[in-house]
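Okay, so subunit A shows up in both of these, paired with subunit B first and subunit C after.
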Partner chain A sequence: MATASETRMTPAKAVSFSLVGLWLFIAAFPFLWTFWGSFKVQADFFSKADWTNALWGTQTIAETGSAFTGQGYFGAWVIEAFWQNVINSGIVVVFTVIISLTFGTLGGYALARSGFRYAFWLLIAALVFRAMPHITLVSGYLLPFFEWNIWGHLPTTIIVLVAINQPFTLWMLHSFFLNIPKDMDESAMVDGCTRFQAFRHVIVPVMWPGVITTGLFSFLLAYNDFTVTAMLLSAENETMIPAINSFLGTTQVEGKVMYAVAAVVSATAPLFVLILFFQRQIVSGLTAGAVKG
Partner chain B sequence: MKHRTFVWFILPSLAAMTLFIALPIVSVFIQSLFVGHEQVLVVSKSCGPFGCQESTAIDLEATEKLREEAPLGRFNGLGTYINRSHLAFAEIGVAWAETETFSEFWKVVGDLPFYRALAFTLVYTAIVTPVVILLGLAIALGVNALPKLLKGPSIFVSLLPFLVTPLVGSLILFWMVDGDGVIGATIQLIFNDPNLSLKASAALTWTMLIVYGIWHTLPFSFITFYAGLQTVPDDILEAAKVDGASKWERTLHVVVPHLMPLVSFVTLMLLMDNFRVFEPIVSFSAEAHARSLSWIIYNDLRESGNPLYGSAGATSMLTIIGVVILLAPVLIRTWRDFNRKAH
Partner chain C sequence: MAEIQLRNVGKRWGDYVGVDNFDLTIADREFLVLLGPSGCGKTTTMRMIAGLEDATEGEIVIDGKVVNDLEPKERDVAMVFQSYALYPNKNVYENIRFPLKVRKVDPATHDARVRRASAMVELDDFLHRRPAELSGGQRQRVALARAIVREPNVFLMDEPLSNLDAKLRVSTRAQIKNLSHELAVTTIYVTHDQVEAMTLADRVVIMKQGVVQQVGTPVDIYDRPANAFVAGFIGNPAMNLIEGVVSGGTFRAERTEVAGLSAPQGAVTLGFRAEDAQVVDTGGQINAPIYTMELLGDSTMVSVRINGALVSVKADKTFRGRIGDPVSIAVPAAQCHLFSAISGERIHA
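The block that comes next holds the complex of A and B.
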């Protein structure tokens, strides 16, 4: 039950609510603005004269006869063949997530069940690897990859993303497996299972919540990556994010910046849906390593 | 778990990390000891009726052959580390001898590419991290006091700037603050200066990037603290209330100490992520005034036709050393905790 003192509006409360309100506005407005603007022509979205043009689409009406236009989307998806990059992104993301989780569950389980000193050192090494800026690693890949002729292909990028993803995946699944009581798999082993059978029949059925949460973050890492994909993929194998960047190089001159705006909105839409469905898991994953201290 | 079983379970993950994280670090180090080949020059003498002339030409074939035979280049030892683009010992020595005051000296050092990038990276990290922690805590307290119905939607909205692709998120902001964008045009209107651009000066560019950094990482600290607030024990709050502590005192003396372990976790994560700041510089095309360590490595590798592997390698090694220094306090503390538990 809320007491009178809890529901009363105090100055401190007013300040803190307005701070929250201000933050929510700052967080959401850029997305709403860009989404709305992506259906306008460039003269409206980048309107020097009057910013309300972007709201009502004055120039858009003048140029196309309607307040909304799909020109940007048509340009990006059809003329610039953005669909190809979307397919590439799909392949990279799906395989990265599946392989990362397979490697990560096996490794994370081993780290959680081994009491030896080397398990601790592996986790510390993983923490240092996690802190490594990705571009420092990429500068080590290029020369060998060129020499071995594996530069530019999707599988190369996938395995590199899997490796970069491992430190995080290991930490997260390790702390998740620590929460599953040891007795479960050990009693299975007493009953005659090998370690792997115990893992397969006892742990696998109960591990899905942790795996899904970790998978969401593996997805985000692969989906959001720019450094690795921009440097390791040839032009025809480019994924969405480097493609958007190379759009800018070519389109700004030709006044086709709206293609890039449309591509940006298209690339953000899946993330929006992801948050909509998995908000709880994302929040619990963000804090998984933290709350236990 | 037996050693043998452990090895089989960890093998795929360990192999991936060894091959694509540990070995590349070695490869980066080796690269940094070499520099690209110089072009092979041929001097040919052509003698005519009016005497002999010497002409120099680039022997493309021989250059290409040399590059193919030894793709690493020629050995240069630690030369790349101390040249002008990196630690620049010679230039700093000269500056130290020739400048009168400290400010002059720092100005010269600040113009050297590596130190410029280091300065931006450190300033960015040092401002974004504390600001994000304080604001995150304030917003977490605010959201925690909201009616239950509003909590879910506010978390949903807050997650957007954090989970959006960094390159895309910074583009979205860039289009708004650009000269023709909604915020940029409004600022020009307010100051009545049609040429005012946020990219015009170093200070404005740095501010713009730092504001982006705060926008992008604030949700992480906010949500972590918010989750921590859910675990504050009610009975302690009640007890403090009975003892006559005001709401502010309760926050300061009960809630904040309870969140302290979280603060060190969030600080660690933010330091790691801010130190590698890179994408916003690409999106904002801010390289004229602001370059980070990651960006100069990217730029060396992008050098069209002839990537500067040696130079990129040297900067990468220096960056890795920076990361280790940054992590040192955490590593030392974990090591101590571990030893205490072991004995």
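The block that comes next holds the complex of A and C.
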């Protein structure tokens, strides 16, 4: 039950509500603007004459007879075969996440349970590698990749992305494992498990929120990566983000920019769905370390 | 049948000695309690028997077989952890069943065995709950049931009662004693609570800083403590210890004179229990002002200070005095224990 003092609108409350409203507007505006504009023609969305054309679609009506058009989407998905990039992204993301999580859980568990001092130094080394700009890994490997003739292929990119991502997954999963009491493994081992069975039957089931959270961050890294994928993939193997970039890069031809806008909206939509779907696990995963159950 | 032998077992981490030269044979079906203050090596000793910690010296023998190099699961022991270590994602039934499942016990027998174990600890009504939905006492009983379901050779219990409130501790203690009698399994029980040790044990091992101080029945340890540490650790209140000097069979310290002792000349620690001394009108061996008085219901605890240490005496429950009033305490020489002032070892009369 809300009491009178909770429902009364004080000036301080009014200010804080309007600040939140302003922030929401500023944060959401670029997405809404892009989403709205993706159904217009380039002459509206990038109008030199009057920016309000993007709102009302004056040129769109003139060119297509309707205020909304799917031309951008048709161009991106059908003419430029953006679906191929989506599939490439899917392959890169799925394998990067699976490989990162496999090594991350095994390694994080080992480091969390190891009593040796080198565990600490391994983690510090991982942190250093994590701090390096992604481009350092790419530029160092470019020549060998050319020499070995493995440049431009998806597996090469997956390996590099895993290498970039691994320190982070190790750290994150390591701290999740530290939060699971050692008694649990030991109890399982006295009950009759081997070390690995204890890990699989007792520790991992308790760890799911951590695995999902870490997996999601790995997913985002691979999904959003530009540096590595742009440098290492040939045109036919491009993932979504470099593909969008190449749409933008060819502005001489009218309409290509609108392909980029439509592709951006297509690439963003799954992220919203994903975050909404996993939000409970993400929140519990992010706070699991902070509060003791 | 499981006799456990610890042959000069030791545990070192670098220069630090966790357990030093532990040598003991634990008889089949014996209830042995490892007792000591925290950090004395009692839990380490138990973990070495369980296989969770490697012994750096000596041999551990269970049932005639050296188990030093065996994994925990191959030793046929069951353990109850201080934190219970229940599996939070499994319900009570699955928690209790887990040892049967991972050891590939015939699945047809699982249900009956889980139900028998849960009935023994009165958990029948909670089988479908998750550990998070149980009270501390119920969780503790799940841990017990999980340990007994397999009918192991050896039971290990690491401070199983320390997370329970005082009242529950007494009833669970009784339950554990009854259970161990019924199951007739060799049990090793670690605790820092001397009341638990006295009530549960067939034999008690008292440890301090990794070294065994005394092994004996509770009565032995109470009546004939092997050194001043044991004397000062066992009993509630612990034995009174007064430092002083013996000459000519008479012990002298501040405000204290006890005659008729058969001990050589020199510095000693004199010990006696609160219930062995009496408050008298005059002519007692200790004459000092009352430092504090505690009404216990069935008696009154009168304390004085000798050499800065508290000396307590059990007086009649009707005894009343004021703090600062002089009091005289009779300490019968026959009830006194003498310990060497240097080594702390008992001086045998």
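We adopt the following convention: the second predicted complex is superposed on the first by the 254 of 293 C-alpha atoms of A that agree within 3 Å, B and C clash if a C-alpha of one lies under 4 Å from a C-alpha of the other, contacts with A are read in each partner's own complex, and residues count from 1 in each chain.
In this section, contacts are C-beta pairs under 8 Å (C-beta built on N, C-alpha and C of every residue); 3 or more make two chains touch, one makes a residue touch a chain.
The model shown is predicted, which means the values in this text are computed figures rather than measured ones.
Steric overlap between subunit B and subunit C is absent once the structures are superposed on subunit A; the two fit side by side.
Between the Cα centres of subunit B and subunit C, as seen from that of subunit A, there is an angle of 100°, stated in steps of 10. Look at A:Thr102: by the touch rule set out above, it reaches subunit B but stays clear of subunit C. In the superposition on chain A, A:Ser139 makes contact with subunit B only, not with subunit C. When the two complexes are overlaid on their common chain A, residue A:Ile159 makes contact with subunit B while staying clear of subunit C. More residues of subunit A are touched by B (comparison of subunit B with subunit C).
Once the two complexes are laid over each other on the shared chain, residue contacts for A:His201 go to subunit C alone; subunit B is not touched.
After the two structures are overlaid on chain A, the closest C-alpha atoms of subunit B and subunit C sit 10 Å apart.
In the three-chain superposition model, subunit A touches both subunit B and subunit C at residues 293. Across the complex, subunit C is touched by residues 181, 183-184, 186-194, 197, 201-202, 205-206, 293 of subunit A. Interface residues of subunit A, counted against subunit B in their complex, comprise 12-13, 16-17, 19-20, 23-24, 26-28, 30-31, 33-34, 45-48, 51, 54, 102-104, 106-107, 109-111, 113-117, 119-120, 122, 124-144, 146-147, 159-160, 162-164, 166-167, 169-170, 195-196, 199, 220, 223-224, 226-227, 231, 241, 244-245, 248, 257, 260-261, 264, 267-268, 271-272, 274-276, 279, 282-284, 286-287, 289-291, 293.
Residues 50-52, 71-73, 77-79, 81-83, 85, 87-89, 98-99, 102-103, 132, 146, 150, 156 of subunit C are the ones that touch subunit A when the two sit in their complex. Across the interface of their complex, subunit A is touched by residues 1-3, 5-6, 8-10, 12-14, 16-17, 19-28, 31, 71-72, 135, 138-139, 141-143, 145-146, 152, 154-161, 163-168, 171-173, 175-176, 178-182, 185-186, 215, 218-220, 222-224, 227-228, 231, 247-248, 261-262, 265-266, 272, 275-276, 278-279, 282-283, 293-294, 297-298, 300-301, 307, 309, 312-313, 316-317, 319-320, 323-324, 326-327, 330-331, 334-335, 338, 342 of subunit B.
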